[in-house]
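Pasting the structures here.
Two complexes are shown next, each including chain A; its partner changes from chain B in the first to chain C in the second.
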Partner chain A sequence: MKGILFLARTHVLTAIRERITLFWFLIFPVFMLVLLSLIFGQIGQEGEINLDVAWINRDAGGEDPGGFTTAVESVFERLGTEQAPGQLPLFTLHRPDPGEDLDTFLEEQLTLLRRGRWDAVIVLPSGFGQALYAGIAGAVEPGEGTAPLSVYMSETSVASTMAAEIIEQVLGEVDREILARTGRFDPSLAVESETVWLGASDEETRYVDFLLPGIVLMGFFVNGLFGVPGAILFNRDRKVLRRYWVTPLSVPRYFAGFALGHLALCGLQFTLLYLLGRYGFGATISFAQPAAALTLLLAALTFMAFGFLIASLVRTANAGMATANILNMPMMFLSGMFFPVAGLPAFLKAVVYANPVSYLVVGLRTSVGVESSSYAPALLVGVPLGWIALSVVVAARRLKWDVER
Partner chain B sequence: MSDNVLLRVHDLVKHYGDVRAVDGISFEAPAGSVFTLLGPNGAGKTTTLEMLEGIREPDAGEMEIFGVRLARITRPVKQRMGVLLQDGGFEPYLKVREILHLFASFFGHPVPVDHVLSQVALTDKAGAQVRALSGGQRQRLAVGVALINDPDLVFLDEPTTGLDPQARRNMWSIVGGLEERGKTVVLTTHYMEEAEALSDRVCILDHGVIIAEGTPRELTQAFGEETMIEFHVEDLPSSALERLGACRKDYRVDGATVTVETEDLPTTMETLFGWSREQDVPLRNLVVRQPNLEDVFLSLTGRRLRE
Partner chain C sequence: MSALRALIVSEARILLRDRMALFFTLAFPLIFILIFGFLMGDIGDVSQASMGVFVAPGIDRDLLDGTLSTAGSMAIERFESLTAMQEAVTDRDVDFALSWDGTDLRFFYDANRVQENFAFQQVAAGLSSDFNLRLQDAEPLISVEPIDVGEIESTGWFHLVLPGILAFSVLSSGLFAVSGHLTSMKERKVLDRLVVTPMPPVALLAAIVVVRLVVVYASTLITLLVGVLAFGLRYDVSWLRFTVFVACATVGTMGLGTIIALLVRRPSSASNIANVLAMVMLFLAGIYFPVEFMPRFLRAISVGMPLTHMANALRYATGVIDMAETEFWAITLSFLGLAIVLFPILARYVVRPLRR
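Here is the complex of A and B:
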């Protein structure tokens, strides 16, 4: 055990004393956190989007002389329908079952919104159609007796922010349609809506909450993909490892020490990024849940195993770094770590589905409540575990611990 | 195995592809002695040691260490072994003390790190990172690592290659200290003077086979009562060489160095002085010496050790 602890310490000390390692370990993730905080403000404005929206119509069955309630509902229904084969609708609408108590349903949907499962909750109030009709018909003064449409949003979700913007645009279209139908071009007659943000925070905080899990995973990813093969292959090339093999140190003990050191480095990196995210950028998410901690551990182990896989497939350290570079970009960018991947072509989606990073990103964001998982829970764990198993088996068979002669 | 033999190998073979790097060698290293494998580069010394250290497995043959016959080197055997590799590296960003602590952690009963630091004269460099050490200091650190478990059997593979004369003398003194403490040292070198200065027994290897074995004295005595006369001449005319050949048959020329073997020193010296005057060839740096291991190797292979 003493040998394992000393090896772990060696791994950590070497990593933090080497400038290039320190750059990848600390400076690069911090740089990405700052840079992407800005870039992420634009996310979701391009490409295919599918938002989960709960829809509650309290005016169903009520008086609707102008047919406005039906018109507004049909607009959202149309947005929740597939427009072309294989093309995702803008909204996936979640409605109460017939006869279900609407207050209870609303409470449930707001809870799901807070947990990041839904991106918005829209409530069409009772009397909406009647009030709108009365306003247009001149029975009441504009602004009197109105029943505004309520839109609930989550402050911790970037997708929710996107939903808010889209719903605003949709309501604008509805207004134009109504005004065109009635022939009255009076903006005071527009459909009123009120937006309710759940919680209290500004937009910047929401972005960093979305980003932070991705940046943490990116740090782990770079550590595993570059740090692990680098440490093993450079030490093999420098003939550091052969010094170990002439002592009673066994390969499993070496591996255990290396893994412990690697996990300690990941832990240190996570702590630094979390503290920076929380106190430097105002992140509010918590990683204290067991699911988040386990996902972080699974991610660190998956990327470490990937590093071993690379080390086992190449002959030299330089070849290892080149291979890591080749894998780095597709694995990172085809994972949803930085932008949504729903709109990618089929062949790229296949890469996304095979990529363990995709599942770890979704798993971590789901566990900290900034996203709802589009994968089955078994996949979130099973795919990374499968990659670990494959990597370990290949590495155990192929990894050379000494330079070839 | 006699009680006095700590290491014995029999008919050891190792191939690299079609190359027979070690071709059926057998030898014994008595306990408490310095046993040297001497030979030129590529003779098979390092491969032999790597099999004994557990880095490579032999293709055939037997190894017996601490009285135990082994197909490959086990961890209990490694607990009692110390190894100085010919080309092992260290983590450049670790400090000297950290490296010694790390290697100490691999053994059951290590020596205190401060003791080893003092033994290899690195106490004042204990806080320095490896990348800041000189070649000699790194080699002393490597020796410290090899001695961290107070081993009974120490393998030193080319311990002074690349070191300056002072560092080489320091290394010799460390090896001498090990022998005084009753340790068994197996050493490889291609420096004839190192083998002569340090060894109790020498095994000369060439092309993977043992071509001679014995104490340095036994090996050089194979030359009988001969004495070597050595001198330097520049631009030796061929006519002068022919004349020398007429006077003495047992001479050889290696660059500017002429070596003459003789059992009758006074007569040969007179002949040489006469030849020098007659041919007007000054005998620069003239040395009269006993035969050494270089002469043994040369007489057995027709080549010098460092060719």
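Here is the complex of A and C:
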């Protein structure tokens, strides 16, 4: 037992001392946690998006009987200023200097929009206030009295498309306000739409709660995929293992020490990522429940077995690393770990269904209450166990524990 | 000249025999396209979304139908019971849903679709606003006229992903070519034998560059062709810009690989560092996630990444984004400049025997 514990300790220390292992083992999962939280955790949140919008008012100084042009402009001005400390204003407005030629300015802004520098260009046409007033006064037929306003956008830019939608919503609100003030719309009779979240709780799952189980599993996966073949094959090729075999140490005892060390590394990895998720990003999910703990254990064992499977199928350490590199991205991303896989075509869905990571991700998320499983419960355990069995059988038959003479 | 030819032939043979290197250069970009093209294509795009609708029995449907007619290309699926509709949302048979019982307008979302709900909520806000106006027989006073300024025909995110992957392929190939290949030659003492011959170091570098240039260019063409034939993508490629850029970017990133080769001794370390750098850039350079989704400070970091500019230049050369001509050539010549500055250093300090 002492020998096994010693080997486990050696495995952990070696992994931590190798800077590249440390990168994949800890820094990369942390990098992904931070990056994805920053990108997807804030999409569409007020105070987190800021759109560069050029504003051209061709109606300034024109007839504006109801003061509507000024009112519309003031709404955008307000949205262009910081609403609360630390929160970004929705728009950064770019306006022409006093006396600047508006046609030239518009051309410049459209070029900037085409090149992705700006997200939208709004042009209030000459006569906008007058047209709006005429519409309110009923001087024109219904449907013809609308005051047109141009929003230039670029469909090749996601931000520009989003900006156009937001601007349309803002103008919709302005429209309702004007209609209400002129007695054409009664806000008290308006039907307020209600949002209903369908899930474990009556609110939307926080992105970090959704992401954290995936990141933990990614850490385990990378650890098994690169760490296991790396340690076994490099030690074999550099004849480190051969030195073990001239001692009374047997392969099963070496394996027991290695597996214990690997599980300890996974435990360490989980602890660090969980603490970062909880205290750095405010994750609220709890893994302290039997189903979650068992899924984590199953995941660590599955990925370790998978690492042995790779080690037994290749001849050299470099080939092992290359194989791991090839499998890494497809297995990680075709599992639903980070992005939804429901919309994938059938041939990629087949990969998703064969991928043990898919079941472990869904199993872990279901156990912590951030996903309702789309797989039968038996599959969540059965498929990873099947991979473990396959890996054990193949590794037992093919894995060479010493270099060939 | 015959020595250079012999070196080119030998480098070409080495590369062709290295199945793994060939796989990474030729097949990996295709795998990336397959995975990420389908995965990332739909994020934020509601035109392909589906919405469940339930109207309580006895309630007039016409009003809601009028609003739903403004939902564009989104698929509408009607349900006879509220429970069935809620189940369809949680089973993801529909993306989100709407119920109207004559008093309450309720939108149902799957709480766990954290990456997509924001887009569905935007659609819901528009529908709700339109519904309220119809309810009081009011007509909007301000009409918004969206005008697409793109001189380029509207392209989906997938169109932008492919040139990004080509850029990543050029970057990783360039980084690994020098860092991995030369350190490997050093480790196997091949360089020791070569440097005692009359071969100038620059001839070896030239041979590596020529072979890599051909392979990288072929790889980009194959990837582009697969994108066009298999996925129906359309590109208006400016072949002059494309060819010159791929050539300059390949030699430029090889120059960047020099720095790695200078820092490490073992080929595995060189590959590891190149791998880490490429991976970090891959996620920050707007290849898979639009840069516009990122917070400001990440956008600023993104601007500092060579891969960001490589991706944009290739998007411009393939006709999917607009860019100032001067900016494109500035990027292209910067990579050429990197190669011009770094290659002499490479010849002087890297192409020499292993330090003992």
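Throughout what follows, the second predicted complex is superposed on the first by the 242 of 405 C-alpha atoms of A that agree within 3 Å, B and C clash if a C-alpha of one lies under 4 Å from a C-alpha of the other, contacts with A are read in each partner's own complex, and residues count from 1 in each chain.
In this text, a residue touches a chain if its C-beta (ideal position, glycine included) is under 8 Å from a C-beta of that chain, and two chains touch if they have at least 3 such contacts.
This one's a predicted model, so the numbers in the text were calculated from it and none came from an experiment.
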Contacts of A:17 with chain B and chain C, given as first, second, both or neither: first
Chain B versus chain C as contact partner of A:329, first or second or both or neither: second
Chain B versus chain C as contact partner of A:100, first or second or both or neither: neither
Chain A residues touched by each partner, larger count belonging to chain B or chain C: C
Partner chain in contact with A:242 - chain B first, chain C second, else both or neither: first
Touched partner set for A:63, first chain B, second chain C, both or neither: neither
Chain A residues within the chain C interface of the complex: 20, 23, 28, 31-32, 35, 38-40, 42-44, 48, 50, 72, 88, 110, 113-116, 119, 121, 132, 135-136, 142-143, 145-159, 161-162, 164-169, 171-176, 178-179, 184-186, 189-201, 203-207, 210, 318-319, 321-322, 325-326, 329-330, 333-334, 339-345, 348, 365, 370-372, 374
Contact set on chain C toward chain A in their complex: 20, 23-24, 28, 31-32, 34-36, 38-40, 42-44, 48, 86, 89-92, 103-119, 121-122, 124-126, 128-129, 131-133, 135-136, 138-152, 154-155, 157, 160, 268-269, 272, 275-276, 279-280, 283-284, 289-290, 292-296, 298, 320-324, 327
Parts of chain B lying in touch with chain A, wherever the complex brings them together: 16, 53-55, 75-76, 78-79, 81, 83, 85, 87-94, 98, 101-103, 105-108, 129, 145, 149
Residues of chain A touching chain B in the complex: 2-3, 5-7, 9-10, 13-14, 17-18, 235, 238-240, 242-250, 402, 405
